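Quick one: structure below, then a few questions.
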């Protein structure tokens, strides 16, 4: 009986290995490594691009997706994940790949329009229906009765935008007194009962598990929860100030040249900037970077608000902000012990 | 091990407790088993069928779910036989021969049991990751280990390493070497002796070890999650896909896939129990293990 | 070949195949287990003692090790008590469902940890079956250290039951009868005759459950949440890896390896002591 079992196991192994390997050779495959909340966006976009690519080049293309905290994903690429394009949450994570693996050329930001950010987003509050805790702005997050859900800025890109948006509000509120700003942000994290490693985990904690009073969320993630996960259970609160998040994209030069996929990878990212790509982004609640040619109703859901950028002197761009706030022993490590 | 002689209870029996104590202890044991063991199992199936049968089967036939199931089968189909071969070789060497350092070797074989699964994954990243010891060489030769099938298999073999060997070693030690020596003195070759004398003596223990090894191989999470890269449809095993679905608000689909793994666990337990009842004496030595 | 090289290290035997079997065993063991573990130790050695010590004793690492250790200790203690009751009941009493309970004790061995993790989280979170009962009373289990203890209790239970069970089966009933005949009450017999014979098995079960719990990741990750006060050591290793901080991940890994070895050594000592005292393990 044992030998029968072993033989059939081996046969199963041989068969399934064959099944596993065979389809890869017949067509072009791309691997897009992205951050957490873009799953739905790229499911839609990949289907559209595959149809487009089939039409223009005649090739069948399969695009695989990998999602996780933006920092974690960058680490996986540095560690050798064989990826063609990265679509991450912030510039600093792509820079980490540039600096630690050399697989992306240093001038990557200039190779696509809008600093290689095909869509933008911002950070808003998601609260429970009727806003029972009456949370209106950043100052309300540190009230005694409020629990805040946000992920870990060390591993999540969205969490870093959350942190900086809170910092920007406090900076304005306290007239630039850094000690008070730091105290405020420390206080916010003292109200966090669950610090997930990525944005999706935080949304699950808030939406599915019912923990916390307010979720600091990507705007797109908040809309997704609002309109698709559990309609009628949540409300979006737009704070008085937030941050302009520019999630960038780049071709991983070292890998596409070796795999011979540069042409397809380049076309894939460029397609994001076309009206079709921009409309898919808007439909998935990302703010298009190029609104030309988009119907007005695709844009009307995005509220206008006061947005600070990472290049504001307060932060000095990612090259300065990343080590100052999020490196080992940086501001976040000091306030969150 | 499973069936000791049933104790005889009578009112006068001085080697048991009063009826009240007995009932209370049984109640505590049953309540604890229900709370800790049974309830989580029930939750898995309740949540899996939350959306009805249609949703259940639709979740399982998703391409990503199917590829996760296939990957899990491949990983088990390679790592379990590898550990069977190792288990047989190790137990042959340890049980049939006396040599220096034997007990140290036995301890080393048990080592993976006491290492955190996360560390089991970490060590391969340190060896084969792009920043690891062999990373540059592997990259230059275009060989993928981490974030690909070989890494997942290696990590799985590591965590399931001792399962077969530790079932076979005590049993083969207890069976001694007389039968093998007789076969050899009658002119049988080493392979023949192994195939026709040793193997039949340990077949039930081997099956038992394979069963446990397979359950762990298909269910391993920590080690595999470190080396997988979590590419949907490519390097997600079933447990990793469960995590991804769960984090995607798709908790019904997560539990649907989890219910397959739970079924596997129940099947493993059932087979294991049957083996223990029917062949208990031929699986473990008299002392247990 | 091996036989030719180490003639004095092996007792002569009529059975062939020693060289092949041992050679294969050592090669496979080295490739799969020893060399990878050596890579971990080497990597940490490259850090230098000062940096290594600083990483291991950083407040966050110490906190994570403490969370892992304390929660594992509590879970192992719970398991020792209830595992003993279960082993006792399964060996000594007959009741309907006994065989079912006996079989299901091994569920945590067979059920994948991720499945256990999501099931326990679903049970104990605010809108779960148990969570919805206790949270209105101000008791929170999911996403607290209590949640970690719950998961580790699940994982460790079979160790506590299965180490005690066979020893309990082997205890000679005539000793209990003799004690009773000599006038001992049932409680006295239990405390003076039965319990001492079970102590090594109970300690072994405790140590095994502890060892397993300290390294556990899959079942805990879902229910722990990731606050600083629920950050357990394996999670911190993963977080450090994801933060691209290999040095810290390696240092914590080595610290955990050392803890595991100490527990393993303790188990071996308990068993050696038990063999000396009681004749068999």
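Residue numbering begins at 1 within each chain, and the chains themselves are lettered A, B and C in the order written.
Everything below uses one rule, namely that a contact is a pair of C-beta atoms (placed from the backbone, for glycine too) under 8 Å apart; a residue touches a chain by one contact, two chains touch by 3 or more.
Fair warning: this is a prediction, and the values are worked out from it, not measured in the lab.
Participant: So which chain is farthest from subunit C, going by the mean of the CA atoms in each chain?
Facilitator: A
Participant: Between A-C and A-B, name the chain pair that shares the greater number of C-beta pairs in contact.
Facilitator: Between the two chain pairs, A-B has more contacting C-beta pairs.
Participant: If you average the Cα atoms of subunit B and of subunit C to get two centres, how far apart are those centres in Å?
Facilitator: That pair's centroid distance is 15 Å.
Participant: Once you find the CA centre of subunit A and the CA centre of subunit B, what distance in Å lies between them?
Facilitator: One centre to the other, that is 37 Å.
Participant: Scan subunit A for residues touching two or more other chains and write them down.
Facilitator: 68, 78, 100, 201
Participant: Tell me, which residues of subunit C touch at least two other chains?
Facilitator: Those would be 238, 241.
Participant: Two or more other chains in contact with one residue: find those residues in subunit B.
Facilitator: Within subunit B, residues 125, 131, 246, 251 contact more than one other chain.
Participant: In their shared complex, at which residues does subunit B touch subunit C?
Facilitator: Residues in contact with subunit C: 1-2, 4, 6-7, 9, 14-18, 22, 25-26, 28-30, 32-33, 36-41, 43-44, 47, 85-86, 89-90, 92-94, 96-101, 105, 107-119, 122-127, 131-133, 154, 157-158, 161, 177, 180-181, 184-185, 189-190, 193-194, 212, 215-216, 218-222, 225-226, 238-240, 242-243, 246, 251, 254-255, 258, 261-262, 264-266, 268-270, 272-273, 287-288.
Participant: In the complex of these two chains, what residues of subunit C are touching subunit B?
Facilitator: Residues in contact with subunit B: 6, 9-11, 13-18, 20-22, 24-26, 28-29, 32-37, 39-40, 43, 82, 85-86, 88-95, 97, 99, 101-120, 122-123, 128-130, 153-154, 157, 165-166, 169, 173, 176-177, 180-181, 186, 211, 214-218, 222, 233-234, 237-238, 241, 246, 249-250, 253, 256-257, 260-261, 263-264, 268, 280-281.
Participant: Once bound in the complex, which stretches of subunit A touch subunit B?
Facilitator: Contact set of subunit A toward subunit B: 1-2, 5-6, 9-10, 12-13, 16-17, 19-20, 31, 39, 64-68, 76, 78-82, 100-101, 198, 200-201, 203-204, 207-208, 229, 258.
Participant: Quick check on the complex: what are the subunit A residues that touch subunit C?
Facilitator: My answer: residues 68-69, 71-72, 74-75, 78, 96, 100, 152, 154-155, 192-197, 201, 205, 209-211, 328, 333, 336-337.
Participant: In their shared complex, at which residues does subunit B touch subunit A?
Facilitator: It is residues 70-71, 73-74, 77-78, 80-81, 84, 125, 128-131, 135, 138-139, 142, 144, 146-149, 203, 206-207, 210, 229-234, 244, 246-249, 251 of subunit B that touch subunit A.
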